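Both of the next two complexes hold chain A, though its partner changes from chain B to chain C.
Our next item is the complex of A and B:
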């Protein structure tokens, strides 16, 4: 059954387990490919992860002159093919969320590939496997719909991905109603 | 790649096909004519064509067709077009020779990925390039050997006598054995690559048979059949030579036909990395883009604009009306913080603090 990465942003406690786990995924060569940010660092401890959202029309791949960024049949937008990337860094400028990282020495871009060797077989990506706070989850379409129904108060309090993101994405984000000034029901 | 597809915007397909037919025919015609003219000169009006190598000739023509088919379509993609156009314009920068040697000859960037990976690629890459430098001039008659005087070979290049060497000397030895030496280089390099693909968990994660293993097996097959040919000539007095020579030629032809489509397509495409480097250096010196939030310079103005234009051709536009900038105008940390701001409703990107620990090392 097809599962997706699903993010409940405000659950995050800032433990950075997701970053550590990312380094351990096959093919990641001990480097992490995602981010955790303090929302308002001088005032409170709220953190949020920032992941590649695996856009359905990915700006990174569209801007790559070498076709080094391939889209997997599962929808995952893969990291640069090591023999194709020519090091132009177009992708880093194109991504609306600033996700792709670039290694100057190796002349190579690397980005989240949704742990493709795991997720292609239905195994959750490393980050979702370790997240202790259910910020990052690996869910079926039905489960995501259930979540949506549970939060849907028919008053715009529950929002996923569109229209708050720049395009349709394969990763679904549950935007934090509390912080938007609305309340979320559990 | 069978399993992955790069979806193209449907709109563009039609115009590509239109440009395609004529461009393809033109490039094909010019190249084939060029080779035939060179053959004519090199073989002193076709008097020295080596018909043993006829298979390669056919193979090369099929390869050229595949090559243009694949690369003209590639060159039509908007981002590729820009880098090729500006790359050619900047080709005569002072740094070009140095960058080219570094990127295309010594592969310093692969060294930085790991000495093992560098060694394997140096052996494969240079093994294959040197083999081609020896084989193809022989195929098209651009170079051949004559023995006008007993005990001395004359090397003829492009119809001119280049030099005369003693048949048992060092240069003659290297000339006969060039292909054996390069074959051994390729075999060692390919074995290293195969070993890494079977043992190394990093390499195993993403590999596929057709894309990652097939080219290695093809190169291995070519090199081994080539060495067997030598073995048959030297130790078996040529027994089985004809059959083996056909098998060897056949394997080279299959590889040439496969080349523009699989992993080996990186070979003709890699010079673009020099274009890309020139492009970044040149426009970086001209004027840099300042981040609309923090003011740091992070990319050349030219590249920022090119990327915005390329995304425009794909109907992607990241202009943030409410904040008065395009996302391509924010440096990467600010762009990430801006996204957190959009998620949370709090303007994270306006807090003047360096981004927090991003490496999970405590």
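Our next item is the complex of A and C:
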């Protein structure tokens, strides 16, 4: 059963365990590939992870003059191929979310590869494995559909992923507000 | 066992030339399951892999856990014993030279011997900690009382869990930190969480906690700060630091007045209801609001939600416990569960968030000045006899009760205590009123420190013994739930380092007590003796064998024999541990914090943790990722308050109290009360907020009031800084 990375922004507690864990994946060479932002640091403690969404038609790959960014059969948009990347940094500008990072020393782009070492065998990526708040989850299509039904309030407001994001993505995102439709027990 | 909807069968990634060692995190009471990745060629730990099959945390870890493995082969490890001959260098890192174990042991035996000959048995002391296995905690108590023969042993749980212990003992007659397993949390209907910055201090509880809201249940958070959990809570009671008992009384009053009391439960299973009902009457919403600063409507709403909830769990942590009425706060909030009968059944109960990895087990087995293994009392002759039988000494040889952690520093200052054996703790950062504590440590004639890094406290030592990290030894730990779990060894001790139990056995030999220790050759030997010593006590671990722990995913104490599967839920039979089987509802008069704000010191100072650091930071400040995320302390100030003081975000300012001062960067945030400032306590030397904190001790638990004292801020004269 195909599984996807699913993000429920409302849950994030800003622990940055996802960053720490990203370094632990094979081939990540101790460098993390995602971001966590303080949304409004002087006001409250709201935080959110910013992850590569593994776009179905990724701007980063489209912008690459050297075809260094490959798309895996699982849909994961991979990190730049060492032998092809020319260090032009087009991708870092093309990505609407500023995801690809750049290693100045190696003159090489690196980005989230959805922990391809793990996810190609159906094992959850490191970030979703450790995330203590279930902001990042690794779910089946069915589970994501359930979430979508639950949080779709029919008012264009709290839907999963589209239409707020750039285009169709493999990663699904639930914007803050998931609790608004929850019926209280008593 | 206890596999719930969060549990998924997932296979781990296997890399070539690697093996995975199942174990748990070295840090907090959550004791998240983890696999350590070990290179099979070098036999060294090289990383971490989630442990999806651990039923409590299902692979989840906070950033401390993810990076915990980096402690083991860290460059800062002490690899050989260190001796410092020049005592004038005490309080610095300077002057240590490497020595052999022989030389170090000989010196310790000689100096300890001299001190005891000249000043009596009790001139020595042991200061310990609970971030280590039950076996080590148990043996440390025996080491102090049998090998050294001193009454002065105590531990850092006095700065952590002792108020929870005192409160539970009074309310229930037994001190198990949680009356239910963590796998119940997401199934309850209301969580009432007081004084716990859960998202930062016990992050891997959060997926269960948020799920309560997803199911339509409620989260009520009591905290002076809008912590990440308070931000999303249904109700945030933003009280003034140090006023918890008033709030607890106010809510209990409303629960009774509005008819939420469970009369049948109260009559059959509790004492003290009428007296308490009388006492809390004066805590009307208005009066409670006046004392706590929380709006009356919020107090009423909190009582209504908790009262109506079919099932509810009252939870708390250091925020309410680190006060000079910490024990009363614990019993006060516990009253909510006892009055409404929301205890002694699944999905309802009371729990404290255990701070240290083995904060639960470590306090039960004889490191506390007045306790012996199995939660036995030194003042009970029968208890003493039972332990003497296991230890092979006579009751006459058993030292009397000593004093609490902070009071030991007072005795050092008075030169009554002249020697110290310190392990598993860093009181030069974690104790309150540090100017005094550091000067007391300096006065010691001879100090030994066992640690794997050169901590701020080790800077006061004459001899440093290199101990191992958690990953280089095995044994059991009792997690936040009261579940006994197994820590496994992933690597041989680095350099010449040794586990604490082994040092103590070898030192006992030098001190002429070999006959009581020599049979303990492995961690397992210590475990067997420890189980036996706990047998028959209220914290009975006799049935918690290593095999059973492996088979059952841990064993909840009490577990009395081989057949007993342990006790995940306490009090299911509605029997409490007081002699009459009833729980105690406590009538608790309110007292304000020991030091209230005044004209000179108008602010309330409170302290706590950040997600990236653990306790004194001796470990986590050395881990690059964690250090990068939070390199230095800061003072959180509300923007309105900052405006009054003309202070800006990131400006360095002087913060001071009657006891000390420090310079911090201001962090301006609306997520704190206007009358309160907050500083995290993980930092050493001149950055320690404990230079400022007050050593006002709880009369029962001897817990210092870290969470509330009066303070003042001042802009730095910019010319003077440089």
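In this section, the second predicted complex is superposed on the first by the 176 of 186 C-alpha atoms of A that agree within 3 Å, B and C clash if a C-alpha of one lies under 4 Å from a C-alpha of the other, contacts with A are read in each partner's own complex, and residues count from 1 in each chain.
Criterion: a residue touches a chain if its C-beta (ideal position, glycine included) is under 8 Å from a C-beta of that chain, and two chains touch if they have at least 3 such contacts.
These numbers were taken from a predicted model, which means no experiment stands behind them.
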Would you sort A:82 into first (chain B), second (chain C), both or neither based on which partner it touches? first
Tell me the contact category for A:71 with respect to chain B and chain C: first, second, both or neither. first
Chain A residues in contact: does chain B have more, or chain C? B
Please work out whether A:133 is in contact with chain B alone, chain C alone, both, or neither, and reply first, second, both or neither. second
Name the contact category of A:173: first (chain B only), second (chain C only), both, or neither. first
Scan A:124 for contacts with chain B and chain C and give back first, second, both or neither. second
So in the superposed three-chain picture, is A:42 touching just chain B, just chain C, both, or none of them (first/second/both/neither)? both
Classify the contacts of A:20 with the two partner chains as first (chain B alone), second (chain C alone), both, or neither. both
Applying the document's definition of touch, where does A:11 land relative to chain B and chain C: first, second, both, or neither? second
Common ground on chain A, meaning residues reached by chain C in one complex and by chain B in the other: 16-17, 19-20, 23, 26, 41-42, 46, 117, 179
What part of chain A is in contact with chain B in the complex they form? 9, 16-17, 19-20, 23, 25-29, 32, 35-42, 46, 48, 50, 57, 59, 61-67, 70-73, 78, 82-84, 86-90, 92-99, 105-108, 113, 116-117, 164, 166-167, 173, 175-176, 179-181
Mind pulling up the chain C residues that touch chain A in the complex? 10-13, 15, 47-50, 52, 59-63, 65-67, 189, 199-200, 203-207, 210-211, 213-218, 226-229, 231-232, 308-310, 611-612, 625, 629, 639, 649, 668-671
For the complex, give me every residue of chain B touching chain A. 1, 3-7, 74, 77, 79-80, 82-84, 103, 109-110, 112-113, 201-206, 263, 266, 269-270, 272-273, 275-277, 279-280, 299, 303-304, 306-307, 310-311, 314, 316, 318, 327-328, 330, 332-337, 339-340, 342-346, 348, 351, 353, 355-360
Which of the residues in chain A end up touching chain C in this complex? 10-11, 13-17, 19-21, 23-24, 26, 41-47, 117-118, 121, 123-124, 126, 129-134, 178-179, 182-186
